[in-house]
Each structure stands twice: as C-alpha cells, then as structure tokens.
Amino acid sequence: MNLDWNIIWTHRDALFHGALMTVMLTVVTMLLAVPGGMVLALMRLSNSKVLAGISLCFVEFFRNLPLILIIYWAFYVMPMALDVQFSALTTALVALVLNISAYNAETFRAGINSIRRGQMEAALAMGMSHRQAMFRVVIPQAARRILPVFASTWISLFKDTSLVSVIAVSELAYTSMQIRAQSYRVLEMLTAMAVIYWLMGYPQAKLVDWIHRKYGVKE
Amino acid sequence: MNATLSPIGAPGAATGAAPTAFIRKGAGDKPVLVYENVRKTYGDFVALNGVSLQVNKGEVMCLIGPSGSGKSTLLRCTNALETLNGGQVYLDGVPLPTRESEVRRVRQRMGMVFQSFELFPHKSALDNVAMGPITVLGMKEDEARTRARALLDKVGLSSKADNFPANLSGGQQQRVAIARALAMGPDVMLFDEPTSALDPETVGEVLNVMKKLAQEGMTMIVVTHEMSFARRVANWVVVFENGAIMEEGPPEQIFDHPTVARTRDFLSHLGWDG
Amino acid sequence: MDFDFSPIVDNWRFFASGLGVTIALSAISALTSILVGLFITLVRLYGPPIFKPFIVFYIDTMRSIPILVVLVWIYFAFPILAGVTFPPFWAALVALTLHIAAYAAEVVRAGIESVRPGQTRAGLALGMSRAQILRKIILPQATIRMLPAFGSVLTIAIKDTAIATVIAVPELMHRAETVAGQSYRPIEVFTCVMIAYFCILFPVTRGVDRLYQRLAHLGRS
C-alpha cells in the first residue's frame, strides 16, 4: 500500500473551489427556501381550502421522496417540460430549493401551531387585527421554537449538497471523486473529501447544538 | 327583561314598617349589554340554548354554574371570540358587528381576563400592559409606558414592571393581565374564571383587585367558582345549567333564599352552607 | 410529447427485484442503526466514562459528513486499508448503519433523558438496582416516547438507500438509472419510480405523524 498524500496539496485549488461551491449551494438554497417555506406555510394556514390543499400536496410530495431521485428527475424533466437547456447547477438549485422549501414549510407551520390558541385570543380580545396578533404575538414566540429545527435543516442541507454530484455539479464531492478517478489515489482523495467535509461540518454541528441548548423548549 | 324584585326586610320590619323594594343597580339607565335569545352550538352539542340576559352599567354580574353549563361560552360570545348561531348581543343598543374591522372596535371597549392569564411571554410586564395602547390605539410609546406604569401601580405591581411573565407568580401574572385589559380603557370587563388556575394563597390578591375595580364603578361580568366573592361583591348573580339560565337575582336571593331547588343543590354541591 | 411506458412494463421483474433490495436494505439498516444507537447510548450514559468522548466524537462526525461520503469511503477506500472487499449491498449496509446509528443514538438519549429524575429516585428508594431501574422504569417510559422518532429513522433509511445507487447496489434507484439509460425514456422511468417511492414512504411518514400526535399527550412524565 503506497500512499501519496501530496495529491491533496497538488489539487488544493480544485478542492477549495469545490468546497466553495458546496457553501454557495447551501447558502443560496436557504436564501430562496426560507421565503419559499414561509409562503407555503402561510398558504397552509390560510382560510382558503384551495391554497391549503396545494401547499399540503407540495409539502407531502417532497417529504416522501428521496432527494437524489428528485435531482435526477429535475435533470431530465425540466429541459423537456420548459423547452430550455438548463445548466446542471441551475437544475441542482431548483431541486434543492423545492425540497428544502417543503421541509421549511412544515417547520414554520408546526412552530406557529405550537403556540397556544389562548395567546391569539388574548391579542384579539384587546382589539388587535388577525395580522397584528400573528406578527406581534404568535410569530415572535414561534420563532424561538422554529430556530432549533431550522438549524438542523440547515446542516442537513449542507450534507445533501453532496448529492448534486450525481449530475456533475462541481461541488466538493464531485470534485474529489473526479480527482480520484484521474489520479487513481482512491484512499487519499476519499479520505481528504471526508476530512474537508468534517472541517466544514463539525463547527456547524456544534453551532446547532448551541442553538438547541439556548432556544430549546423548556416546558 | 324585567329586573326581578324581591323584597328584603328592613331592620324595622317586625314593627310593621313598609318593606324596601329591591332595586337592581343601574336600573335607571339603558342596559350596557343585552343578550337576546343567544344560541351557540358546537356540532351536536348545544352550549347556549336561547339565553336572554341584561347587564346594567356599573353592575358586577357573576355567572355561576357547573362546568359546561355555558357561562364561559356566553362571555366569549360577548366579545365575539365565538360567533353566534342564533339570537343577538347588543352593546349600548347596537348589535355586535360581524366584519373584523368593526368587531375590533367593539373589542377595544371590552377588556378580557383569561383563566390561563395569557400574558405574552416574550414581553415584560410593562410591555404587556403597554402593548394594547401602542398597537391598537396607536398611542406613543412613552405615553403608553407611563400609563402602563400607573396601572401596574394600581394593581400593586409597580416593582415588577420589568419582570417577564416567567418570573412572576400566578397571582402576579393575573394582576398584570387585569392591568393589560384596563390599559385599553374598556367600558366592560369580562373575567373568565380568573382565579381557577391560582394557588389558594394568591387567589385573594386577585379578588382584591377585582373588588377595588367594582367599587370604582366598573361594569364587570365574572364567570367564577368563588362563591364568597360572588356573595360579597356581585350586584347580580346568574345561575347557569345546561346552556340556560336556571335562576338570576341579587346575591342575597341566590345564596340565601334560592327560589329554584336545583340552585340549592348546585350550591350545596360546592360546599356553600349559606 | 409522446410517452412510452413499455420499458417499465417490460422490465417489471427487474424493477421488482430492485424494490425488494430497497425494502430489505432499508429495514435491516433501520434495525441495525437502532440497535447500535441504543447500545452506544447506554454505554455513553451508564458505561465507563472513558468511552464518552469517543462516542460523542463519533456522533458529531456523522452529523458533519454526508452519507454519500461515508458510503463511497466504505466501498472504495476501506478495502485498500483493510485488504478486504465488500459486495455493494454489505458495504451499503455498513455505511448506512454507521451513519444512521449516530442519529438513532441521539434519539435514544433524548428519550432516556426525558424521563423525570424523580422516577429513578423512586426506584432507588424501593431498593432497586440501577440495572433494574433502567430496565423496568426508564426504558419502558422512554421507549414509548422514542417510537415516533424511530419511525423517522426508518424514513431516513429508506431515502438513504436510494443514495446507495452510487456504489451500484442493485436497489430501485439503480434499476431506474439502468433502464432509463438503456431505453432513453428517463421521464417515464423516473416518474414511475417516483410513484413507487412515494407509495413506500407516504404510509411511513403518515404513521410517524400519527404516532407523534397520539403520544403528544404523554408529554414529559
């Protein structure tokens, strides 16, 4: 077994850019999936049965499918359905945003519903409008409950970006495996990939822990 | 809706002096609230079965009765937290509106105190009390805060103005809740079992605040199980059972000489010896 | 836009065997994950303190790196280190268990820690040993609370088996890719496979939701 760990240093540029792409995918997806999730949650909580139904179907669709399948499906269906050629990156983002929006919708909805009805009633009894009651009483309290779950979703997303490697998006996993294929340095590259993910992911995991400790619900 | 008259013997009755007729408090003016055949159902369950009632200005009315008899439901119909399935509620002669913007204006004239206090946990006591005037009445923050401090002082909690609800006892929270309701300057105060969730030691501090309010002439409707409070402070007592009024009258009648046998049963059930 | 579903119909046996592998891999890895998770949490909470930092490190590591990375490393890199090769199915099983057991361990820990300390004190006052308290008082209460979360473990396992396609495990996703590639009918194939996965996952997530609702009233003891 002769190992050449230098290979990692040689390709440090590519690996760095791969890691950057992973981060970019995570951030951009979440930037779009938070408003997306809010819209879906408000639709679900609204009085319109039609809106609530659409939201429910959307959320259930994405909750009950593996993300890797959604990525493949988007890759093949989108060009056909919309008659445009999309880059793999765009496809990846679409799949990720739709998927994470669905999870966020559930998180937001559950958080809002977890606030006792009495709080809404006390606000209404004072003469507040429904919207005022929502934004000044219910949502501020729900936000505390939502944050820990949201943090967990974030770190799941970070890990799930690795799946877009299957459609050749140059994030960390794809880049590492390409270098492995070209250099035949399997153990070195795969270990390097794991270590780089670990270096990025471990601080995030600790941050999530801290958020859960600080904002966890104490009944 | 006639005021029930029942003669109370004056101290000199034995000597043949004419008995004083009982006059219901506020009887001279138009009633503040009139319930006309109010009906409320939840699916098959009839919570209120055509209840008619009148509340006069400055009157302290206590609604008593077994659980599920409709008293809380009637209270919640008063400020439109529940919608009616039949009948009407009149505030100063005007029926309760249905559009949210108009309902809000009506709610501003009524203050409600809940059994579970329902203080907003993410705001201090002071901000809880000031929130209504700022958000709903559009009052300036400083003005609202000053008003809030005065009200907290009135309920005996000026030292706790900056505490958050989690750091207040149940009795303190409820007193803040009363101050919060008063901050809107209501004409009527609605109390939904205000002391039922409190430890016995703290019940007294809340009842004292309510008694003070009553003495100041506030129109109050109180759903309660505190019989001695009702006996001492109420001007009018209404006994509910199964969504209907079993009996109503001054506390002396209800507690000492109930005319309906079921009232007597209910009271003795609660350990009221009369 | 004409659709041709014949590749799916013609290859139904192929797909069916893939479905079988998916179900087998999901069920077994869910089970092994829960067992391993239970074991390491018991060691963490009640075993010699020396193990605790390693266990915590393991759990945090699995939280930090994607399952894809673990899968690929176990299948391609580990053989180089250890000189043994795994068939894809077993490599996937090991990788899935390794990754999901960390999650299961946290579920078990949350369940056990949610039982009020007063329960332990009551047991001690009765003269019970720690092992008896664990077995007869804590675990029964904790298990009920953990049930919905174990359902989630199964959901995660099912979704993660689809990722095993990258190491050529012959499960449903891989079958889909093969047929889609050969027949040039990716849309029909992937749509049908989507429906299949939905039909498997939907009852499980529904069941988990129901369990959460049913058991919500148990709250904290």
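Per-chain residue numbering starts at 1, and chain names A, B and C are given in the order in which the chains are listed.
By our rule, a residue touches a chain if its C-beta (ideal position, glycine included) is under 8 Å from a C-beta of that chain, and two chains touch if they have at least 3 such contacts.
Not measured: the values here are computed from a predicted model.
Peer 1: If I average the C-alpha coordinates per chain and also across every protein chain shown, which chain's average lies closest to the global one?
Peer 2: Checking distances from each chain centre to the full centroid gives A.
Peer 1: Please state which pair of chains has more C-beta contact pairs than any other pair.
Peer 2: Chains A-C share more contact pairs than any other pair.
Peer 1: Take the average of all CA coordinates in chain A, do the same for chain C, and state the distance between these two points in whole angstrom.
Peer 2: Distance between chain centres: 20 Å.
Peer 1: Nearest whole angstrom, what separates the Cα centre of chain A from the Cα centre of chain B?
Peer 2: For chain A versus chain B, the centre distance works out to 50 Å.
Peer 1: Please tell me the distance, in whole Å, between the geometric centres of chain B and chain C computed from their C-alpha atoms.
Peer 2: 55
Peer 1: Using the touch definition up top, name the residues of chain A that touch chain C in the complex.
Peer 2: Residues of chain A touching chain C: 1, 60-61, 63-69, 72-73, 76-77, 80, 155, 159-163, 165-166, 173, 177, 180, 186-187, 190-191, 193-194, 197-198, 200-202, 204-206, 208, 219.
Peer 1: What residues on chain C touch chain A, complex-wise?
Peer 2: Listed in rising order, the residues of chain C that touch chain A are 1, 60-61, 63-70, 72-73, 76-77, 80-81, 158-163, 165-166, 173, 176-177, 180, 186-187, 190-191, 193-194, 197-198, 201-202, 205, 219-220.
Peer 1: Touching residues of chain B toward chain A in the complex: what are they?
Peer 2: Touch residues, chain B against chain A: 79, 81, 100-101, 104-105, 107-108, 110-112, 114, 116, 118-122, 131-132, 135-136, 177, 180-181, 184.
Peer 1: Provide the residue numbers of chain A that touch chain B in the complex, in ascending order.
Peer 2: 116, 118-119, 121-130, 132, 136-137, 140-141, 144
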